[in-house]
Amino acid sequence: MAPDRPSLRRRLFVQLSPRQWPAEGMSPANKMIGLLILFSVGVATLESEITIYAGNEGIFRTLELLLGGIFLAEYLTRIWVAPEADPDGPAWRARLRFIVSPAGILDLLALSPLLLEDLGPQAFLLRFARMLRILRFARLGQFSGAFAFLQEALASRRHELVLGVCVAGGLLVLSATLLYVVEGDAQPEAFGSIPRSMWWAIATLTTVGYGDVAPITWFGRVCAGFIAVLGIGLIAIPTGILAAAFSDAAQQQRIRKEAARKAHGHHHGEPHQ
Amino acid sequence: MAPDRPSLRRRLFVQLSPRQWPAEGMSPANKMIGLLILFSVGVATLESEITIYAGNEGIFRTLELLLGGIFLAEYLTRIWVAPEADPDGPAWRARLRFIVSPAGILDLLALSPLLLEDLGPQAFLLRFARMLRILRFARLGQFSGAFAFLQEALASRRHELVLGVCVAGGLLVLSATLLYVVEGDAQPEAFGSIPRSMWWAIATLTTVGYGDVAPITWFGRVCAGFIAVLGIGLIAIPTGILAAAFSDAAQQQRIRKEAARKAHGHHHGEPHQ
Amino acid sequence: MAPDRPSLRRRLFVQLSPRQWPAEGMSPANKMIGLLILFSVGVATLESEITIYAGNEGIFRTLELLLGGIFLAEYLTRIWVAPEADPDGPAWRARLRFIVSPAGILDLLALSPLLLEDLGPQAFLLRFARMLRILRFARLGQFSGAFAFLQEALASRRHELVLGVCVAGGLLVLSATLLYVVEGDAQPEAFGSIPRSMWWAIATLTTVGYGDVAPITWFGRVCAGFIAVLGIGLIAIPTGILAAAFSDAAQQQRIRKEAARKAHGHHHGEPHQ
Amino acid sequence: MAPDRPSLRRRLFVQLSPRQWPAEGMSPANKMIGLLILFSVGVATLESEITIYAGNEGIFRTLELLLGGIFLAEYLTRIWVAPEADPDGPAWRARLRFIVSPAGILDLLALSPLLLEDLGPQAFLLRFARMLRILRFARLGQFSGAFAFLQEALASRRHELVLGVCVAGGLLVLSATLLYVVEGDAQPEAFGSIPRSMWWAIATLTTVGYGDVAPITWFGRVCAGFIAVLGIGLIAIPTGILAAAFSDAAQQQRIRKEAARKAHGHHHGEPHQ
């Protein structure tokens, strides 16, 4: 409809900003970046396993530089096109705003391993650099409209969820304290202080139950039994809240879509189901 | 009502195709095949246990051949009656379509152990052949109308479930990476790479908690505690989605049945409950 | 309102039959029997622990005979008053009907330890007799109106629950078979046959995760990881069904109570909440 | 609006009583006390760990006395302002009523460690005193309006929850008895009595599954498998009840807020979302 063809910067901006993309789904550029992120996470995961890395150092090094280069180019492009978001202000301000935005900082953090590479064979730094590369994974969330649905469902129950977390935290501290009192003498290594008891309390209240620590005295087991039953409630409370939240969010989405379809004036011939 | 009696092929087709069967429930032929499948799965299960198999080789061999023969006959009959599904096209095309359909391939796969039997005493092949026999189990799903209800409930929440799986996958990768960074030095065998850490991350996030691997350092345990609490959310999200899906699907089914009963014009005298 | 006082047999019948009792809650006789059952279960539980039993044989023997005598008297009374349920038929038929009813058989089974007591110091028989005494516990279900609510909620979702159990059973067999194929060579003791694998499969799919058996090979762990994630679904399906069932049953109960209150003509002045 | 400035006692009373505070949220005084409670719980937690306590005895001793002094002052102030709750009665009666109220007793209990401090280096008493300090945590519940929401949601399903606990208790006793009968001979240490079996039964039915005790006989494992599957139901029942309760409570709260907003006569211009 527009008689003039938009500039390259404008077209790149529309491609890279999920909210600017007019059609449903993701833009071709973001689809490709998404796939590259998944591929890069897979490479970083396999690279960490020495039995896979050994003998393939060259391949992994090449892939790292290649992927790092692409993501660096993407980052620089995003800085270049940033002024399109605010065409009236000065370009440098829009660019600075992108660089210090959470998305921009996340991008930079995920790029930093490229620079850390040459710090020598310090095991911890290497592992940390790999973790930063895997942080790219979190960038995927920005691209998806479905993620917004999840956020909305969680946000609508903010208060209840915070309350659930507080109740869970209180239960955790009180359970750990109780076992510290009754079991601390018998197993000082595992229950000799409240922070130590907490490892057991978390494993029990979440029903993970590793079994590396467990009460051995009679009274400790009776207390642990009551706490384990309360652990069911701990699961039941957030489950109940989230179940209701998702049910409501999905229903509202359906109502909104139905309303949009009616407002559009004609049914698209899709089966009613 | 039809003045002519339908042909044998037609009658067999109606018996064997769950959707063609006019009455409620399963046809007599499918009921018998269903029971034979259950029996055959039971036989294959017991046969795999050497303490039961030893001394009863003859019985198991006979049962295998007998059941294999019946299922072979069923498979050939299904090929023979296939043209009834498309009476106007050529018979060979309908038959080929059945053979290459998922149901037809599943049938053939479950029959193949009959041929693999003589491959000698190679342990892995024998186990694989038994697994194929147990695949028959999956055929039961085709016979049941209730299975369609389950499918419908899941399909109606396709998007939310895919989203839940993606969030769970992301949480899994990030949890494994975190523990790899903080616990990798202390336990290189269990946390020395991201794929290794993932075994721990799955056991924790699903709350299975085998306990064969668990963090032992202070900081590792603090991180693991946070991840275990997030594991509750991992369970809560699909549970919430499925709870809402089943609730809605069951309600719609009731509304549909109610509508069908009213359309029928008279109440069948069943108690209102 | 009745001018004649009902007979002793009639009054006992009304006291002992939960459905005959006109007021809300349980009748005094059933309340006392319920408490005696709880007490008797507690006695049988403590008696099984040798460190508690040793030195207190006399007390336990006396309590057993006393409680056994009371429950025997209750059983005989129930036989005596049975004809009140069907005043027009012959008395012996109503009594026989009670004796062969599930409730009557359960009563008799729970009494039988009184006779088994003198079978000598055979450990298994003694344990079995104690279990029969604890079966009395199941009798409590008959007394409670709330139990009927639970039954109703479960019955209304009969089909979905049966379906959920079938899906769970299928998943169990297929999981056990898969691990038997991929892990059988590495750990023949734990995964060397499908029944053996099932112990692991149950512990994983229910997320109990004892950790006494767990895959140790790479491929086994990858398969086990997928199965553990499916285990979440296994929990989510019945949870979703039951959540919806309870929600609906509770709502219907409220509607029914509301309707009953309105039909009564006046509000009982209770706060609206 | 009031022409006279209220007395100091009145103003303190309004600050300290969550229900008297006219604005939304907590009063400044209660906010500060809440933070001090959290800080004091953190101090008591860290102090119990000998590796942190050793060398910092002075700091912990000072913090203890300081926090104890503040909470003592708060307690005395609450006693002093208590008559404001009942201005017409005699002052001593209102004060006594506060001292013997649950909140007053909890306050006193949490203060008592100050006096127990000098009882010498008896390990158990020291641990018990620390537990009392952590009991302060429970006081936080009184300050929060959200806690009332949780209480209301649970109270509305009182009957179902009690029923769920009873079913769970029955299942627990019957499971423990069953395993005691079938596994008692093979593992007398872990299953040799019903109370011993109960430790296993709790770990299984709650799906915690420590793995310190697990059946090893064939028949014991078959029984344990059935019980573990029932454990899913044990989780599903309270989860279902709580999910419905929270869903309803949240909906009613929204309806109430909506009604309050309409009654207020004008919309506050907040986005409809």
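Read from first to last, the chains carry the letters A, B, C and D; within each, the first residue is number 1.
To be clear about the criterion, a contact is a pair of C-beta atoms (placed from the backbone, for glycine too) under 8 Å apart; a residue touches a chain by one contact, two chains touch by 3 or more.
The shown structure was predicted, so the numbers you read here are calculated from the model rather than taken from an experiment.
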| item | value |
| --- | --- |
| Shortest walk length in steps over touching chains, chain B through to chain D | 1 |
| Rotation angle superposing chain C onto its copy chain D by C-alpha atoms, nearest 5 degrees | 90 |
| Copies chain B and chain A - interface residue numbers shared by over half, same or different | different |
| Relative to chain C, chain with the most remote C-alpha centre | A |
| Length of the line joining the C-alpha centres of chain B and chain C, rounded to whole Å | 31 |
| Contacts with 2+ other chains: residues of chain C | 203, 207-211, 235, 239-241, 243-244, 247 |
| Chain C-facing residues of chain D, complex | 157, 159-160, 162-163, 167, 170, 173-174, 177-178, 180-181, 184-185, 192-196, 203-204, 207-211, 214, 221, 224-225, 228-229, 231-233, 235-237, 239-241, 243-244, 247 |
| Residues of chain D touching chain B in the complex | 207-211, 239-240, 243 |
| Chain C to chain D touching residues, read off their complex | 41, 44-46, 48-50, 123-124, 127-128, 130-131, 134, 137-138, 140-141, 144, 146-147, 149-150, 168, 198-199, 202-203, 206-212, 234-235, 238-239, 241-247, 250 |
